[in-house]
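Dropping a structure here in structure tokens format, bear with me for questions.
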Amino acid sequence: MSKDLYVIAEQRDGEIAKVTMELLGEATKLAAELDEKVIGVLMGDKIKDKAQEMIEAGADKVVVVEDPMLAEYVTEPYTKALTKLIKEYDPNIVLFGATAIGRDLAPRVAARIHTGLTADCTHLDIDMEKYFEFLKATSTADTESIEKRLGMDDKTLKMTRPAFGGNVMATIRCADHRPQMATVRPGVMKKIDPQPGKKGEVEELKVEFGPEDMNVKIKEVVRDTKKAVDITEAKVLVSGGRGIGSADYYKELQKVADLLGGEISSSRANVDAGWIEKSRQVGQTGKTVRPELYMACGISGAIQHIAGMESSECVIAINKNDTAAIFDVADLGIVGDVKVIIPKLIEALEKYKAENN
Amino acid sequence: MDFKLSKTHLLQQEMYRRFAENEVKPLAEEMDETEVFNQDLLAKMHKYGLMGIPYSKEYGGVGGDYLSYVLCMEEISKADASTGITISVHTSLCCSCIDSFGTEEQKQKFLRPLVDGSKTGCFGLTEPNAGSDAAGQQTKAAYDEAKDEYVINGTKIFTTNSGFADTFVVFAMTDKSKGTKGISAFVVERDMPGVTVGENIRRMGIRAASNCEVAYENVRVPAANRLGKEGQGFKIAMKALDGGRIGIAAQSVGIAQGALEEALKYVKERKQFGKSIAKFQTTQFKAADMQTKIDAARLLTYRAAVTKDNGENYGPAAAMAKLFASSVANEVCRECVQLMGGYGYCREYPVERALRDAKITEIYEGTSEVMKMVISGSMKIV
Amino acid sequence: MKIVVCIKQVPDTNEVKLDPKTNRLIRDGVPSIINHDDKSGIEAALRLREKVGGTVTVVCMGPPQADVALREALAMGCDEAHLLSAREFGGSDTCATAIIISAALKKIGYDIVITGRQAIDGDTAQVGPQIAENLGIPQVSYTEELGIDGDVLTVKRQYEDRHHIIEVKTPCLLTALQELAEPRYMHAGGIIDAYEKEIKVWGFDDLKNDLNPDHIGLNGSPTKVVTSFGKMAKGAGTKLEVSPDEAVAAIIAKMEERHII
């Protein structure tokens, strides 16, 4: 019978990606609900010594496939290895990061063994009660009708994901095929605190590769430098309005943005004043943005500005004026002076980063 | 009676709309400010067939009909009226003269490059002293029998597209004694010696359009470049203008619809007295009045286009469409500015430009007064 | 060179809303468009054709209304168009969709298959790789740049932190990123030609020899939707007038809650 949760590690240059740790954290939670184990899968060249990291992050066991052909990610060798592993180990659930690797590998494997795959999940459930708790807290979904269809003892993986550009959420199941496979959006799941020295089994799986498995040729691997800025693509925007006082203060906002992996943007007034380039202007006559976080610093919230940012997933506003319109669209509003808050925030974020990495 | 556009027309409309939104609209404000028509935009208009819509594929055109052309004029003018007139003068004034009156040889030589995307055309009829009274032409074309050439002398004013056009359809007196029957039409190329294009004339609206005075000084034009017979020029010009007016009507509909859409976007967001001004019934009723008038103008315009496509007499229908649509454009733009108040009057918002652009539609290709002459004439009241 | 582009007709998601009462998508008045990545794929295919000759064929699975998406592709310059449309195909997930499209591609023939990386309605990015698997040909997904020399394609393949420059021989499948090629507009005259061309429609009977009926449609799909729902309407939010330190703590907490940090 299919059992256990398998987490497919993503590694580049021998380093395991953050998303893998997040998946191990989530898998640990789900495994407890199923009373099954978390198995890490590590594919690469001379990669075995990284297995311990996965064990400390939640894996009970790690299966390692090593071969020079797996040094740099290529679809076919990885598909071959993983397919063999799935056929031999018969997992209940297989999780991938929804990354440029995971979203290439998972569908190819799913098609090869003919099972279901759900892309880019942001929430996973096994236990029905917990699933309903989640639905009731975040959505308008009708749990009664779901209960009628699935019952409360259902132990399949409920995979919830956004569709239609985030306007709609859907929960998907793969009831009749195994393994149940999902790619999971990076940054969504929580890793567990690492358990140094934790013991776990490391098992090797031998896969025979022939030259025909390398059906494409990697001519060159180019590590990227930073790309040109497009504020509509940024996940975090730290936006400055007149309240920041001067063009110079964008440097401080840039520090916050850098700490959050985001970009700086602006209200119209500051663009007109020549404090910042037009390409960073948010609003009706600028750009419409919908980042995961929009931090409005010293922005009063003229309707023209709000029109350009109100679809942001989360808005934090800092403004001296407690009646500023920006507070009407903010998830969190801070009445206070940007110039007092921001330096303290930079400090706090630096501290947070140091503690959590 | 079918008020539905065909699938082909619908997809064309979609294409023109996308082109207008993505290519024209972002340039409109800057072109208006600088009073220069963007030549990259012109090249793209040629590339995608926007300059050859109602002309046969046989000559490299799009193979559409006049309704297709009207849909294009409407969508483009929604974004920018200057771009609309650039297409219009080229298509319905310059090209149509050659298409309707050119010989097969002339069509191959002159029409093909104009509609296949290679060249841009303009139309030289109006003179400093011959506007609505087109018969008062002072430009002369004298026939030189020895060389089988005409020698053109005179000055044309308000020649749209002349700043960059390659091909000019020019009207000149070959026999002054015959009045309107003494006018002939010629295809003049920009590089012919004696053609001098002056400075762009500074205007209130459609400022991005190129609109210059063009002087013709001893310009020698082969007789093979004469369109139709000697003395047919007035007829050629009037026929082109009849069709052109449908384009201007479509331009007017576009200007009005574009302004209304901008204003409606604004009223949904603008809050006064504690609620968005869209919630005031006066705003809603104003919008209803405006949309009704625009739709009426659009129907008149489509009717004129379909009448022309059906090969029927479309002159009066075209004149009615232009008379009404141009008036609606002015009224709607004025109302939209009013609705938006101070912001409507600001250059940052496109309704300010739309109001300035709208005025010309009551003037060029026949003033509203001339339209009334055409319409009342067709009614045979006296 | 026979280049086949698989496209999907999608609602313009910026305008899709969910009916809060029925939890159904409100599709009325929502325009349908060719998926952005797919359109870049069409452009890339047309440019390949300009370089090496051959034909560009466009394939779309969908309801009869998807006809207009294929006309648009023809108006951009594609040579022929095929619509895969049958009641039996309805409700297919990515796995079943890939099976149907693959069956058609085997009949239509191909040297290069291009799909968009992902569709803006489903956002799965799965159908391309699954078609490649079903056809047994190599795939290169996340294609950002593309070159061709004979039967060898050179692909710039994007990852989060790097690129691979990959050589792959035809037959193969590429999935196109939107940045692969800025799509041209339809040509006005192309639209008129597009409506004069015939679009070949493939129903279930045309493909049944290559299709297992248990592997297609809603019932043949391994994954099924349990429920779809809208996110809860945003609350008024909290407004704090507290000391700067408390304010910063609240900001950090909010960032944690939203997985920003």
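A, B and C label the chains in the order they appear, each numbered from 1.
Keep in mind that, in the parts below, a contact is a pair of C-beta atoms (placed from the backbone, for glycine too) under 8 Å apart; a residue touches a chain by one contact, two chains touch by 3 or more.
All of these numbers come straight from a predicted model, not from anything done at the bench.
**Q** If every chain is a node and every touching pair an edge, decide which shape results: line, ring, star, complete or other.
**A** Shape = complete; every chain linked to every other.
**Q** Looking only at C-beta pair counts, which chain-chain interface has the most contacts?
**A** A-C
**Q** Taking each chain's centre as the mean position of its Cα atoms, how many Å separate chain B from chain C?
**A** Roughly 40 Å, centre to centre.
**Q** Could you put a whole-Å number on the gap between the CA centroids of chain A and chain C?
**A** 22
**Q** Between chain A and chain B, what is the gap in Å from one C-alpha centre to the other?
**A** The mean C-alpha positions of chain A and chain B differ by 54 Å.
**Q** Which bits of chain A are touching chain B when the two form their complex?
**A** It comes out as residues 284-285, 303-304, 306-307.
**Q** Per the contact definition, I'd like the list of chain A residues that touch chain C in the complex.
**A** Listed in rising order, the residues are 12, 72-73, 75-76, 79, 99-101, 103-104, 106-108, 110-112, 114-120, 135, 137-142, 145-146, 149-150, 158, 161-165, 167-177, 187-188, 215-224, 235-236, 260, 292-293, 313-316, 318, 322, 327, 329-336, 340-341, 344-345, 348-349, 352-353, 356.
**Q** Where on chain C is chain A touching in the complex?
**A** Its residues touching chain A are 11, 13-14, 16-18, 20, 23, 25, 93-95, 98, 118, 120-130, 132-134, 138-142, 154, 158-168, 172, 215, 221-232, 234, 237-242, 244-245, 247-252, 254-255, 258-261.
**Q** In their shared complex, at which residues does chain C touch chain B?
**A** Checking each residue of chain C against chain B gives 68, 71-72, 75, 184-192, 194-195.
**Q** Using the touch definition up top, name the residues of chain B that touch chain A in the complex.
**A** Contact set of chain B toward chain A: 269-271, 348.
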